[in-house]
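A single structure is presented below for examination.
Going in written order, the chains are labelled A, B, C and D, and every chain counts its residues from 1.
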Amino acid sequence: MNFGSDNQAGVSPRILHTLVEAASGIQSAYGNDEWSQRAEHMLGEAFGTPVKVFFVTTGTAANCLALSTIAQPWNAVVCHHMAHIAVDENSAPALFTGGASLLPIATDNGKISAGDLAAFVARTPHDAPHNMVISALSISQVTENGLVYQPQEMAALATQAHALGLRVHMDGARLANAVAALQCHPGDITWRAGVDVLSLGASKNGALMAEAVVFFDQALAQNFSLRIKRSGQLVSKSRTIGAQFCAWLEGGHWLELARHANAMASKLSAALAATPGVRLSWPTQANEVFVLMPIALYEQLRAQGVRCTDWYASSVPAGTQLQAGEVVVRFVSSWSSTDEEIAALMDLVHSHQRQAA
Amino acid sequence: MNFGSDNQAGVSPRILHTLVEAASGIQSAYGNDEWSQRAEHMLGEAFGTPVKVFFVTTGTAANCLALSTIAQPWNAVVCHHMAHIAVDENSAPALFTGGASLLPIATDNGKISAGDLAAFVARTPHDAPHNMVISALSISQVTENGLVYQPQEMAALATQAHALGLRVHMDGARLANAVAALQCHPGDITWRAGVDVLSLGASKNGALMAEAVVFFDQALAQNFSLRIKRSGQLVSKSRTIGAQFCAWLEGGHWLELARHANAMASKLSAALAATPGVRLSWPTQANEVFVLMPIALYEQLRAQGVRCTDWYASSVPAGTQLQAGEVVVRFVSSWSSTDEEIAALMDLVHSHQRQAA
Amino acid sequence: MNFGSDNQAGVSPRILHTLVEAASGIQSAYGNDEWSQRAEHMLGEAFGTPVKVFFVTTGTAANCLALSTIAQPWNAVVCHHMAHIAVDENSAPALFTGGASLLPIATDNGKISAGDLAAFVARTPHDAPHNMVISALSISQVTENGLVYQPQEMAALATQAHALGLRVHMDGARLANAVAALQCHPGDITWRAGVDVLSLGASKNGALMAEAVVFFDQALAQNFSLRIKRSGQLVSKSRTIGAQFCAWLEGGHWLELARHANAMASKLSAALAATPGVRLSWPTQANEVFVLMPIALYEQLRAQGVRCTDWYASSVPAGTQLQAGEVVVRFVSSWSSTDEEIAALMDLVHSHQRQAA
Amino acid sequence: MNFGSDNQAGVSPRILHTLVEAASGIQSAYGNDEWSQRAEHMLGEAFGTPVKVFFVTTGTAANCLALSTIAQPWNAVVCHHMAHIAVDENSAPALFTGGASLLPIATDNGKISAGDLAAFVARTPHDAPHNMVISALSISQVTENGLVYQPQEMAALATQAHALGLRVHMDGARLANAVAALQCHPGDITWRAGVDVLSLGASKNGALMAEAVVFFDQALAQNFSLRIKRSGQLVSKSRTIGAQFCAWLEGGHWLELARHANAMASKLSAALAATPGVRLSWPTQANEVFVLMPIALYEQLRAQGVRCTDWYASSVPAGTQLQAGEVVVRFVSSWSSTDEEIAALMDLVHSHQRQAA
């Protein structure tokens, strides 16, 4: 019963098969291989616009390298207060940008609205050179609370950002889950909505290790190969990542994988929400389920081998009060989650409830 | 009528006289001059404990170099949300520390209590290596709201910090004003209270350009001369700063200057607080007066040549609401402020009030 | 005919098989997987001493992260003037160390001797804080000229380094080839000889993407997981690298692969050296062959599909003069090179020679 | 007898008088004071072209901030192997540029010629992104060997640099001495010769602490106030530096001071060169005299209170061999050196020679 994280899941057979195929024989190194070049082309096709793409090995590297193109060392980047870049990437944003800062916003509904952004920028000190200069907005789609921005929300937000002179980065570690949830064209929540540069992750959605920085504004890609090299992200056998992206994109496989993960989360969410003593922290919109539950239940589940994670107390909505003995728990489904796993998990939950009653 | 900032004031004649004396003749360079060595000794005398001292040219350099000794690039430093290091030093903390982050706390009373610190650290994600590791607390004394920590408040706070494994830095750009206000021994609010490293500023209190990093924990000073050199702060004619500190400390001149500045602020504060339509934003405890006033009044004062500053709206206490047409204004007195200046300022204020009535 | 680089070769079937096995099913992420833990254990076994190991995705990351543990921002690292870290890793050493510098030595025999090191350190300005402080020596084994340090050379050099107060890093991107060439125990040219920290590469010797930082002095590993995370090298599906190292080490596979590559280079070197107009730039001691040849020959070979690389003119021995129309060319053999490839290459060479005659 | 360094000399009375005048009364801070603005204007007049100027507190800060505008973190800067930025500024260039590297050239005549530059760039590996990308040339005028570039040499060199796509920085810590030596217009060896950005020092030529970054290409100054602030170089009482530059430039005082220093060096050089057992290391062209002398003589002079410095052995011309017991010694004259000091020094030298004979 793995709901620990989608990055603990195995690799989709189709992707693994392609990786094995690519691993044999001679290929040019350092991004000059055929697979990487084909993957870049396929990404342009998938998004419906020409893109410049660079492949890297981790989501942290993708995010922080992307930020380095839109934030000088004296700049600040606005993001949600639970954003992965703000909470879960240690000091990597400062390293890759040479010292830029993050300015986290806490909002009521877990997303940042155009109005939130405008108000935040207005009240942030902006007397340069004493204060930092805000240069960019970074948005996670899916958010770290498992929420999904609608295309029109995203467009309004990016339009506001541009009006304020900010560039827009999207952390798309789970972009596939957002596209699957919205049943929209990938372009509708990215470049058509105003995203300038995207971190696109496949590792959490069926790949082994495959992350990309996708430039919709190709001017930002200037010198990017130098940034990649100097940060230790220029993989010699670059086919490794290119091949995974080819298989991931081929025939819409990425959305197929994401749809399955989302559907599993939806089922799990409904089952957990119907459990006495358990309540959702946030609505389930993609493949992550955030609940508040008694700590005794959480600990018993863990003891019984369920992989799930006690989550940041600071992640709950503004109005929500944790009660005594209550803990936030995150369950993540993946492309490989099964109905049987959910049923087995719920059996354990119900069994605990009976004991506790 | 200069209430713009204490760093717009001129230089105390005693300090200037010593600087002129030091400027003549031959002296070793790079901190090996007699003045710098004497100043270090005098600082130890003033604080009542042996100290290791390095002289630098700006408060930003002093603060950020001090932080670099207690925050590795992957560390975070807790500070008040209006702290100079958080608001007014651009991205210097990240540059000097190699990427450490600041974690600002907003508190109700404008200071950080031991309890505030403990609660903040407890709720901050601390799952290394994903999250940053908090390594230090930085406190401003006088605070950026013009408040002064009592010795026992400071001791409780630093004790809590140490109990949490954090080192303690004090931004003492206006430490002289705090010591003067508290009528305490300088050691009582620094090393005896648990401060590990102090940025000590003289520039705002009668000197021309004289800042120091004072190590109470001398082990932190290891390699500091290398940090000084590589950050462009190793002044060749180092006597420039050493001599100013000698004159500043000699015979308690620093506290004399600070007492005068504080007394002037106290008078001004009382006069402003008694003015209809003007209210204090924070109590006046040292040499800064923060008020809320009608913007029309502020603008007229400025037009009439009064130096004062419209201040960050985000600096007001949590409960305070700015009314329409109201603006935060900072008045700073200095060693050279006079009763006549205050009287002249209040004449303008009263004249405006009569017109407005 | 691939002699372009050993990182253009495919993946050894045994390694690929293990990778496929590891890719399925659930595993903890971020280095907590079973494969990574087993690989760390196997590395300790292989080197005959307990080690602390961290897995990363590129050789540049391995080298520069290793250097960051032995070079503070104000330090300098001595290395050979053709060292990969000095020439081929862009500015990555400065990024990862926060600003440390490299001091390249050009030596007559392509290696650094204990005497070279002592003389270099003695003549390098060392008046701190003005000058940088040399803190480390970095050695490549195999060197970038394809040479191999004998165990006693390595021990003398590291002993000298330690006597000068320097720590010793080894860039072992091709360490397997060195061990195979020397027919020694891996410990004899690493920790027993005085190496403190090793970058160990498998990617050039049959793996897909597998690099490690191996700490023989485990005290240096303090905070290393934070360094890994903040530099974007903490791979979520960390089994990817761990599994490759397991298969690489299993049953001495790594040395088997390296021995084959070395044998192929030896044959190729002899054949090329016997060709009129072609001369060796350096003796062939591992799996790289450096020759000087007429540019016409080089260009024809390339036009005929031979992968080989025109190499840095600055890499030739001090006494060697390039003649007009002569170019340095590097041929690299790999675990997958064949006698047939060499024969086919030599056919082209001889055919060109006949035409030219 | 101070020949230790021109930065050990006192302050010219005219400059000190102006500094005292400026120190009194109220002035805007952070570069908005009247003195700084006047100084910027006067620098434009002195150079005969509009300039954008920023004042800083040390030569290291001036050099490294200037470099940060022409070298991205992945760039390299070519400079002489004895350049102050390469030898005497620790790792400051890497800190201020975010990681750029220096590539030192050793030349036969102590200066870099256009041909030296072209040959060096040609032989430096330039296969991006693996190798660093050379973006700039930095030249010291006066050089660290006390030599002076002729206007036509400088123009040829900068023209060559521009043709190679490099920007040109000049370290003018002793530019006044060069202008005085050449009897040329200051523009002739700076912007008219192709210098893009200049570090201009007054501290070694009669001021107390006054350094400037002078942009001839004003486009490079974009964001420079942010660079200044974040590096702790934005002085609050900025009049301190502005006033010194005003007095320094007023009525050609800077060149007057420099001419005197040069004349003293010339006398000293001739006297030393005529001494048996003492030989010039480099010709004396400005205010520094480099000699090789018996170490016994050097030590006796030091014991007798003469300030002079044993200098880097690596600084001597390529063909020069230090003999046993011979040491390089630097003598620097200043605006305040006197004939009496030189006579007294030479008396000691001759007295030693008699004893030794």
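In the analysis below, contacts are C-beta pairs under 8 Å (C-beta built on N, C-alpha and C of every residue); 3 or more make two chains touch, one makes a residue touch a chain.
Since the structure is predicted, the reported quantities are computational estimates derived from the model, not experimental observations.
Taking the mean Cα position of each chain as its centre, B sits at the greatest distance from chain C. Pairs A-B and B-D differ in how many C-beta pairs touch across them, and the larger number is found at B-D. With centres taken as mean Cα positions, chain D sits 52 Å from chain A. Per-chain Cα centroids separate chain A from chain B by 41 Å. Rounded to whole angstrom units, the spacing between the C-alpha centres of chain B and chain D is 35.
Shared interface positions of chain B, defined as residues touching 2 or more other chains, are 73-74, 89-91, 95, 99, 128-130, 226, 229-230, 234.
Interface of chain B with chain D (complex): residues 2, 4-5, 7-11, 16, 19-20, 23-29, 56-62, 64-65, 89-92, 95-96, 203-204, 208-209, 226, 229-237, 240, 307. Contacts from chain D toward chain A in the complex involve residues 30, 72-74, 98-99, 128-130, 133, 223, 225-230, 234.
By the touch criterion given at the top, residues 73-76, 87-91, 94-95, 99-102, 123-125, 128-132, 312-314 of chain D touch chain C in their complex.
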